[in-house]
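In the two complexes that follow, subunit A is the common piece, with subunit B as its partner first and subunit C second.
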Partner chain A sequence: MGLVEIATGKVLSSFSVFLFLTILLLVVARRISTSVLLFSVQSAIIAAEVFATGFRERLAEAYVVGALILVIKVVAIPRAFFSLVHHLKTSHDVNASTTPTQSVFIAATMIYLAYAAVHSYGQSVHVPEDALAAAVALILTGAFLMVSRNKALMQMLGLLVLENGIFLAALTTTFGMPLVIEIGVFFDILIGLLLMGIFTFRIRDTFDHLDVSKLRRLRG
Partner chain B sequence: MKVAINVLQALALILGAPLVRGVVARFKAFLQRRQGASIWRPYSDLAKLFRKEDLVPPTASGVFRVVPFVLFGTTICVAAFVPLVQPSALLASGGDFFLFVYLLAMGRFFLSLGGFDGGSAFGGMGASREALVSSLAEAPFLLSLVAVAILASHADIAGMVAWTLQQNIFNISAVHILAFTSLAMVVIAETGRMPVDNPTTHLELTMIHEGMVLEYSGPSLAWIEWASAVKLHAMLALLVALFVPWGMASSVSVGAIGLALLLYCAKATLLMVLLAVIESGMAKLRMYLVPDFLGVASAVSALAVIFTTLVKR
Partner chain C sequence: MILLMPLLIALLGAFGVLGFRNPRVATRAALLIGGLEITSLVVIVWQVHERGALQVGRYLRVDGLSSFFLINIAFISGLVLVYASGYLRHIGERRFSSPRWFYALVFLFLFTMISVCLSANLGLLWIMMEGTTLASALLVGFYNTEGAVEAGWKYLMVCTVGIAFALFGTIVLYLAAVKAGMNPVAALDWVSLMDAAPRMGFDPHLVKLAFVFVIVGYGTKIGFVPMHSWLPDAHAEAPTPISALLSAVLLNCAMYAVMRYDAIVSRAAGPVFPHTLLLIFGVMSMVVAGLLILVQRNLKRLMAYSSVEHMGIIAIGLGLGGPLGLFGALLHTFNHSVAKSLLFFSAGNVRHNFGTLRMDKISGMARTMPQTSAALVVGGLAIVGLPPFSLFTSEFAILSGAFTQAHYFVATVFLITLSVVFGGFAYHFLRLLTGEPSRTPVSSKLIPSEYSVMGIAALCLIIFGTRIPHLFSVLVQEAMAVLR
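Moving on, here comes the complex of A and B:
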């Protein structure tokens, strides 16, 4: 057995643990830049997972998808976020409405719920349970980040984490979607990010802040 | 023969402890682009303190005098629990990891008593903060050890290490990664290192450990400082023994023991570099944020315990 095979097996078996660690760190992160960096790391782990799956299942398309993740999610989107934070001239705080301890307990509960949810499914269809649980936990965490952070930028980041989870679920159950659809999804993300970026500028210009908890009334 | 090695490794843990401090300080100095003191400096500090006169505040009671000895005694007992070069320890059959945790707690309790008894405002403040930090650190400390103990089906530390030695180095499980993360955070909080307490500060409103020992001088201070160095070394050795024990001597021969000792030094040095990087790279947390830091450690360790059911299934 070659070194590459061992490395592949290691990536496949241990990456979900590192994803859980990024989830726990993501919910306690107090600065936007830390959260963005963690998202980048998370995407890199998923890219490694895509490469490993591609190697094991002999799928050439997977390498293209993995490269796309590396370019778009690991490099491009975090850079866009950093420039957005820079141009918005807003504070670096994520304005969490839960304390870090509450957040981390909620995240731990969500991880356990994810395991409970995929347990019966994982046994009947023979998919790796850890990976599927990580996917569900990522989806839940993304949603949790979106509802519990008041800074408008964190809604975008929550959506991206949620999308990571959906991507991972597709990867673990069906070895990924067809390449055309993947490219379409990436295009969607980029356009969505662009629109949300424009929206944050509009929110900032109209209300002079980015706190979504204060957006209660319509304003002309 | 085995017993002799156990005695020797406990002695190495205790006598090598000031060196660990010196090395960490040297790495920190290197990272901050300072010259730094020699790594043997803590030994000469201790020697100097042992030669000095012991001053006791006139308001202090007898507790103040016995604290250094109780602290040093409990700490060397703790050191005798930790395997270094072979998967057994001097007190391995004498107790399980609960005794390990609560011997440390007993030392801390007496040190806080000494802090109060000294009569200075800083002592009481440091002692009450130490009580807060240690009560919050107790849960993650115990839970992360419990997680590893459940996997190994052994309650004594030497048994846990022996079990880990038999595993494949590539078969690290989620439990080990989570338990290591939380235990590393606990080590930082327990030994008073940077994000929780600043070990180099004096006479500031933020100090915890230094506040408690402020009234001590001479040999008493030397015993306390030595004990806290042993504590740091024992905790680092515990991290090495529980999570990366591979390379420990399985048979009693000079070659195997020597190799194990060399490997231990390499692994411990890596941990010390990590500690120095964390200490230089992070700012000290505000006191109000320390419970959050340890809350995260608690959640991670609770998750580690939950994951044992998934791994063992």
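Moving on, here comes the complex of A and C:
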């Protein structure tokens, strides 16, 4: 067996564990920059998984998608985040509304729930249960980050984590969607982030802070 | 080739109009582009009517259903562009907030909505649906006030997350299709999905799961309760022409997406499951929005909650299904658009003249602004579903659908909510219109761009209420034929 085969097998068998690790670290991270780095690592793990799947299933398309993830999610988006943090001159704290202990407890519960949720579907769909559970856990973590972190930037990051989960779900169940659609989805994410970046500047300029939990004027 | 025309016109128009720094020239250019756009849409609708569905390549397709929604887009966008030409006269040249940026974003917004209707592929449909959020978020935040920024951010976040669930639903449906033996390349194409739907029925769990995610995802954009939180904020804080576009076109486009999925899932897993979900969301939206209408203080928020209520009505029509329910639902999408644009245009005049939309600060409008008041009365009577206006026809069709199918609970809730909404609108509008005039308007007369579109909308409401034009009912029938 060649080295590449061995690497492929290792990646496919262990990437879920690493993803769970990033989830647990993400929910306790206190600085925005740490969270962004963790997101970058998480995307790199998913990119590795894409390459491994592409190699095993002999899908040329997968290499394109993997390269896109590497360029966009591992490099470009984190860089954009760092420059946003720099230009917004905001504090580096994530403004968590849960303590780290609570966060870890919630994250662990979500991982458990993810396994419970995919258990019934795993057999009928013939996909590795771990991978699907990791995808669902990522979706839940993204949603959790969005509701529990008050910084606008962290909400954007939560959205990205959620999107990573959906992408992983698509990858593990169907080896991804047709390439054109995949590229369109990436394009949407990029534009969406650009717009959110514009809005973070506007929020800071009109409200003098980035704490979206204090945006409470419109109600009822 | 003809299918590419409206897309190209909108896209090139969006960038072209950015080149005109002079607001007046930009407005004229926008009207010209809008005219071309509408002409191309009408040509497409006509061709579909004459020759049946058109397809260009893998990804673009028009059939009866999409062409029905294209009429909606063409009609309302025409009204909105003309109204905007007068509405924007007070807006100066600022960064991202000048008339040319406004029109450029409007054309991008139109581009995405037309693409939603032209998509032959459910993946492309999702991409374009997300595109509608992105194109309109800056329009919602156009005024750059505290409220507008907050509404824009909320709109962007809530809708993006919501629609992420729709992506998940799309993926699950794709998985179900591939498992049913479809070619992966064609497994998201609407035509082949409809053909293969009966085969997917052997394992209905995945199809049902897909529909749950899709209805939650696109339901966020439709404004179903409880995912409606972005809707009143966005509608109230956006410039008035945009409020009209959001309420009258965007919500319908999202409803269109749900109709497509509903047809596939009904075929694959039987109609009971999707229709029950639609009924639940419809009844919830109707009741909650109907009650919230009573306590509103801002005129545009009142209209926004009324939109939620009417989306509920349409969902109930879809959920009932059958010829009556479907006919009523489709007709109601159009009728609601016309009535709601008329109401938003009137609300825009109120804001222009009094500088506020707080209903407790305005009274005696009937005396100070007779024309706008007349439009409000016509729109208000139409929106609560009184004859001889067109919404009565469609609501009556849905209601009779509910009775013929023995859905007595739904019918009762429907009737009670309608009377609550009637009471709410009567209470709010009587306080606005009667009494001592509290403020003097800037000008009591309407300008041509305002009274022409409001007149057309009011006329349309009355004509469609007395007798639906033959050609239009044929188009509705063609749309219904697609969903069967």
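In this section, the second predicted complex is superposed on the first by the 217 of 220 C-alpha atoms of A that agree within 3 Å, B and C clash if a C-alpha of one lies under 4 Å from a C-alpha of the other, contacts with A are read in each partner's own complex, and residues count from 1 in each chain.
As a working rule, a residue touches a chain if its C-beta (ideal position, glycine included) is under 8 Å from a C-beta of that chain, and two chains touch if they have at least 3 such contacts.
Worth saying up front: this structure is predicted, and the values here are computed from it rather than measured.
On the superposed subunit A, the two partners subunit B and subunit C both fit, without a clash. Once the two structures are superposed, subunit B and subunit C can be ranked by residues of subunit A touched, with C on top. In the superposed model, A:145 lies in contact with neither subunit B nor subunit C.
Applying the stated contact rule after C-alpha superposition, one finds that A:99 touches subunit B and leaves subunit C untouched. Of the two partner chains placed by the overlay, only subunit B lies in contact with A:28; subunit C stays clear of it. In the overlay built on the shared chain, the residue A:131 is in contact with neither subunit B nor subunit C. Shared-chain residue A:203: touches subunit C; no touch with subunit B.
In the superposition on chain A, A:10 makes contact with subunit B only, while subunit C stays out of contact range.
Shortest separation of subunit B and subunit C in the overlay equals 24 Å (C-alpha atoms, whole Å).
Once the two complexes are overlaid on chain A, none of the subunit A residues touched by subunit B in the first is touched by subunit C in the second. On the side of subunit A, the complex with subunit C involves touching residues 121, 124-125, 139, 143, 146, 152, 155, 159, 162-163, 166, 169-170, 173-174, 177-178, 180-181, 184-185, 187-188, 191-192, 195-196, 198-199, 202-203, 206-207, 212, 215, 217-218, 220. Within the complex, the subunit B residues that touch subunit A are 170, 172-174, 177-178, 181, 291-292, 295-296, 298-300, 302-303, 306, 310. Here subunit A touches subunit B in the complex through residues 6, 10, 14, 16-18, 20-21, 24, 28, 99-101, 104-105, 107-108, 111-112, 115, 129-130, going by the rule given at the top.
Subunit C makes touch with subunit A in their complex at residues 59, 121, 123-124, 126-127, 130-131, 133-134, 137-138, 141, 144-147, 149-154, 156-157, 160-161, 164, 167-168, 171-172, 174-175, 178-179, 184-185, 188, 203, 205-206, 209, 232-233, 236-237, 292, 295-297, 301.
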